[in-house]
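Two complexes follow with chain A in common, the first pairing it with chain B and the second with chain C.
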Partner chain A sequence: MSRAQRWILGGLLVAVAAGVIALAGASPLAGFAALVRGALGGERQISETLVQTTALLFPALAVAFAFRAGLFNIGAEGQLIVGGLFAGVAGSALPGPGFVTIPLILAAGAAGGGAWGAIAGALRARFGGSEVIATLMLNIVAALLANYLVAGPLHPAGVAGAETAPLPVSSWLPVLLPGTRLTIALVIALALAAGLAFVFARTVFGYTLRAAGEAPQAAARAGIDLRRTALVAMSLSGAIAGLGGATLVAGVLHRFNVALSPGYGFIAIAVALVGGLDPVRIVAAAFAFGILQSGSLSMQALAHVPKDAVAFVEGLAIVGLSARRIAASAARAD
Partner chain B sequence: MGDAAGFLQLTLVKAAPLIFAALAGVVCERAGILNIALEGGLTVGAFAAVAMSYATGSPLAGVAAGILAGAMLAGLLGIAATRFNVDQIVAGTGLNLLAAGGTAFGVAVIFGAPGASPEVHALGPRGEAILIAVALALAAVLQLGLDRTPWGLRLRACGENPRAVLSAGLDPRRIRIVATLMGGGLAGLGGVFLSLGELDLYSDGMTAGRGFIALAAVIFGRWTPLSACGTAVAFGALSALQFVLQRSGVPSELMQALPYVAALAALTGIAGRARAPAADGVPFDAG
Partner chain C sequence: MRASSGATLEARGIVKRFGSVLAVDGVDLALEPGEIHALCGENGAGKSTLARIAAGILAPTAGEVVARGAVGLVHQHFELVDRLRVWENVVLGREPRRGLRLDASAARERVRSLGAAYGLDVDPDAVVETLPVGVAQRVEILRELARDPATLVLDEPTAVLAPAEIDALFATLRALAARGTSIAVITHKLAEVVAHADRVTVMRSGRVVLRAATGDTSIEAIAHAMVGADIPALAQRVEVAARPAFAARGLCAGDGAHALRDVSFAVGRGEIVGIAGVEGNGQSALTDAIAGMSTYEGELVLDGQPLRGTPAARIAAGVRVIPQDRRREALVLPWSIAENAALGDHARAPLRRGWTIDRSARDALATQIVDRFDVRAPSIRTPLAALSGGNQQKVVVGRALGHAPALLVAYQPTRGIDVGAAALVQSRLIEARNGGAAVLLISFELDEVQALADRILVLYRGAVAAEFVRGHFDRARIGALMAGAA
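And then the complex of A and B:
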């Protein structure tokens, strides 16, 4: 998509958003103002926006990682949930000082998400099954399975809802700003983005992934094992999303339940595409979508525009952005 | 015996929206458009039907509105896919999000309270039965249409080899758009069944993943209308079984997960090679 087309799309989206706000009976300017004030109006608002930015950044990096390798991971949502489940189960069971338990909880989340991603990767690698269908199905299976486990076999005594027991305070992620929910999860996400940028630009592994995504036939001829790449890429992509789920558990909710994510894994697709699948630009995109997420609530409270208007515009943005040619379409041919 | 009849009836009620959505998926995919926004189609269909019935008091007008809404949503996909060669998977994901957000927004704005609509004039038991019969009949009609008519041949050709369609002097993009509109209308009708057939209101999230179950039925039914319909009925029976087994201790989440797991299993080829149309989801570039 050219620069001019991006501006046209952006303008169209703003116009649609204005129209939607007007439909709700508010003045578009007042709606936008409420949104911006709710997202950036003070230290508390900005920190909450950064919490949402972080929550979106992990699955967006996961999506980008897989897309760059030519794999449509539509399953970040499910991988995030399974990662959160693993983290919640580990975190509520593990006693001990945070410097021991927190790394273990995060590792459990990455392992859970990675395993969930690996299922789709294995189906693709072993049977040539579409990872799109697999991840779509796995999203729903993840939510059902996680809910079953925390409501049934893993349900802790003395907890009312379908969720794990709370994590001990020592296992909570350290906060960056006292009195807010902003934790070191943001630092981890930013470091991950930088790390992925390096991997893609400077390492043989990153080159292999990009080659498999952009020119699968040439890559295969050059000796790259496409099946193995598919399995590895889907597993790592799932691990990134699962890590995000773990940071939500250890940093925001301090327990696991399936309401963990209001669809971060789907909005993440928009974030990844707005960021052009480039880890550094994805950080900026995640901040922009973080503003939308956290501002939508104040738009609802102050301007009486239902917060779902944001999801509508985000969906439209994804449709618009799908015009970007993604290498994975070419990868179908293998 | 009364129990068996009751079970069959419940099966058909649970299957009907799945049949509509699965047929929608078959029509789109056989024409070469991978429509993963069946869930969105059901959602907008269910919502528009209730909104129209609320506004006019006529459930029949609601049916028309539901079909139209489904067709419009899919039309976005069709135009994006044929005129802008977008990635259909990404676009479909966006449409699902758009449908969920747009309807939740619409519920809050039109009915004044978020979450659900009030009860509206619905189709009633007779209307429900008619829609079930329509779903089953459509499966047979589409099977014949795809297999035996020039329209079906052209549509299938678009899904396998659009260039050949162009060589024959036809416009594959046009055929694809029409197929997508048709599919969208079918998905919308599935949504109508949910909100005005089975129930008499709309509530957020009421489609509950049925669009994805339908996608599973398409794959399991190997992209043919009758098999997809049969799979949808089987999934409907599973769903009906949940009500029967409710108090037997079988976890309902695991029962609900079965259709999705079946779709995953189909990807391994254990049910025979599941082969999608060759040009399914592949943009057609005339240049």
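And then the complex of A and C:
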């Protein structure tokens, strides 16, 4: 998408947002003002915006990672949930000091998300199945399966809802700003973005991924194994999303339940595309969407605009940005 | 308005602009009844655009086309409905009717009588996708003739034909011309122009740079006009004692009509073996088998070692392939020259250093390719998509030859590139041979195979029909074998 197209789409979205707010019976200007105040109006608001930024950044990096390898992973949501489930189960069972348990919890989350991503990767590598369909469907499977497990077989005694037992306080992610929910998850996410930028720009592995994504036939003739690339890329993409799920469990909820994500894995697609699939620009895009996420609540409270208005506009952004990618991916699968 | 003199088609001051690109820049052209007019030029010179304007498919930005009678255009890439029968294609859009029904017998009869009148023999009930290319082209010509055109324009009609089929085509065109039709043939094969055309118009960069009767000009003069410079002479071949390097034994690959059936041959170091054949006779299956891109039966040997495994294993063993379709099979178009230079060698030293790609080694390799192959680009950071076809191909060939391959497979290495670039690529292939590489040249252009090869194998329907050694190339015999003569 060209720079001009991006501006046009952005302008259209702002116009639609203004229209939606007006339809909800509020003044668009007041709505926007409430949104900005709610997201950036003070230390507490900014820290909450950064919590949302972090939650979006992991799955957005996951989506971008797969995309660069030519794979449209729209299953970051499911991978995030499975990662959260693994992290919640591990975290509520593991005793010990945080410097031991926290890395194990995060690793469990990455492993869970990675395994979930690997299913779609294996289907693509083995049978040439479309990863778009597989990841989309696996989202639903993940949510229902995880809910079933924490409500049934894995349901801990003495817990009321469909969720794991709470994590011991020692296993909570350290907080960056006292009195807020902002944890070192943000640092991990930023480090991950920098790491991915390096992988793409400098490493042999990143080079093979990009070649497979940009020109699969040329890549195959140059000795790059496309099947292996698909499996590895989907697995690592899932692992990144699963790691994000683990940071939500260990940093925000301190337990696992399926309310873990209000759709971060879907919004992440728009974040990744707005960020041009470039890890550094995705950080900026995640912050912008983080403002929308956290500001929408105060817009609802102060300007009486339903927060669904933001979800509506985000949904439009996802459709607008991904339509061409889906078409390209479908054309390749033929 | 009437066309001046007796011209069936007259184009005056034609200009065609695509965005910022000026494809045709003020061209006048008149086609006289009874003549075969050759329109020559390099890729991108504007010939095809002019043809489409003449046929009324494109509107010119400026200028006018005056035609007396219908204009038929035979496309370079046939525009036939593959799943329909010959007669259905010929009458498509102008179906004879009987009441509300399609009159199939009248349509069949029309195809038969047209075919008989012009010597274009085709079974009206054959399904187009089952036909060989030469026959499919006859269908395309028949379809245009069914409209009784005063002018017939053919865009690169000989690109996919064997020499005997080319002679038959021009015999048909001559017969058509004798009945008063104007014929324009777009081609870049200059030997055909001189042999068969009455007049020639050469275009370069959208302008006409030469008009002549073919009797008053020469291949050299036409080539000079096309390129705007003299064609560099090919590199000299040096006598090299060829020693066995590569062998294929009992190779069966691919499936269907384009399969390779029990092919055995050897290529020595210091030798160019040319595979002559019309497209679709097993060339792709052969290339893919050697590259490791497909499964096959039989045995491949390189320098005494069995050659097998993945494409990566073949590359490691010293095999380099210049694939047919550079844009899809060889290059990552959005990437820079530097990034493309690494493709295929990215996983080994000197480009690989631990986990990372050594960017200075990569840039040095790219600079070496640009210098040695005269790649015209602002810098090694220029994306491949911004280069001309010829310069893209120089990058592909330069990369393949960069590491002194043991076996080089060059599949249509000069396809669709300008004459100057083609001469450079051909010279580099000869130099690689002189330097001790085993070179397998697979080309649909017999001229190219003849110019470069030490031995020629004729590939017909997936099997080697005959072998010729340099000094004993019998062009007529090779051409006949390419067309299936026993």
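Rule of thumb we're sticking to: the second predicted complex is superposed on the first by the 323 of 334 C-alpha atoms of A that agree within 3 Å, B and C clash if a C-alpha of one lies under 4 Å from a C-alpha of the other, contacts with A are read in each partner's own complex, and residues count from 1 in each chain.
The definition used in the following text is that contacts are C-beta pairs under 8 Å (C-beta built on N, C-alpha and C of every residue); 3 or more make two chains touch, one makes a residue touch a chain.
Bear in mind that the values here come from a model prediction, so they are computed numbers and not experimental data.
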Side-by-side fit of chain B and chain C on chain A, or clash: fit
First (chain B), second (chain C), both or neither touched by A:Leu144: first
Partner chain(s) touched by A:Thr203 [first = chain B, second = chain C, both, neither]: second
Partner chain(s) touched by A:Phe256 [first = chain B, second = chain C, both, neither]: neither
Which of chain B and chain C A:Leu23 touches, first, second, both or neither: first
Partner chain in contact with A:Arg221 - chain B first, chain C second, else both or neither: second
Touching partner for A:Ala211 - first (chain B), second (chain C), both, neither: second
Touched partner set for A:Ala270, first chain B, second chain C, both or neither: first
Which partner reaches more residues of chain A (counting touched residues only), chain B or chain C: B
Spatial angle chain C-chain A-chain B, Cα centroids [nearest 10 degrees]: 70
Superposition-derived minimum Cα distance between chain C and chain B (Å): 7
On chain A, the residue positions that both chain B and chain C contact, one per complex: none
Chain C to chain A touching residues, read off their complex: 291, 293, 310-316, 321, 323, 325, 328-335, 339, 342-344, 346-347, 352, 355-357, 359
Contacting residues of chain A [partner chain B, same complex]: 20, 23-25, 72, 74, 119, 123, 126-127, 129-130, 132-134, 136-138, 140-141, 144-145, 147-148, 151-152, 263, 266-267, 269-270, 273, 306, 308-326, 328-329, 332
Residues of chain B touching chain A in the complex: 34, 36, 76-77, 80, 84-91, 93-102, 104-105, 108-109, 114, 209, 212, 215-216, 219, 251, 253-254, 256-257, 260-261, 263-264, 267-269, 276, 281-283
Touching residues (chain side chain A, partner chain C) in the complex: 202-205, 207-208, 210-211, 214-215, 217-225
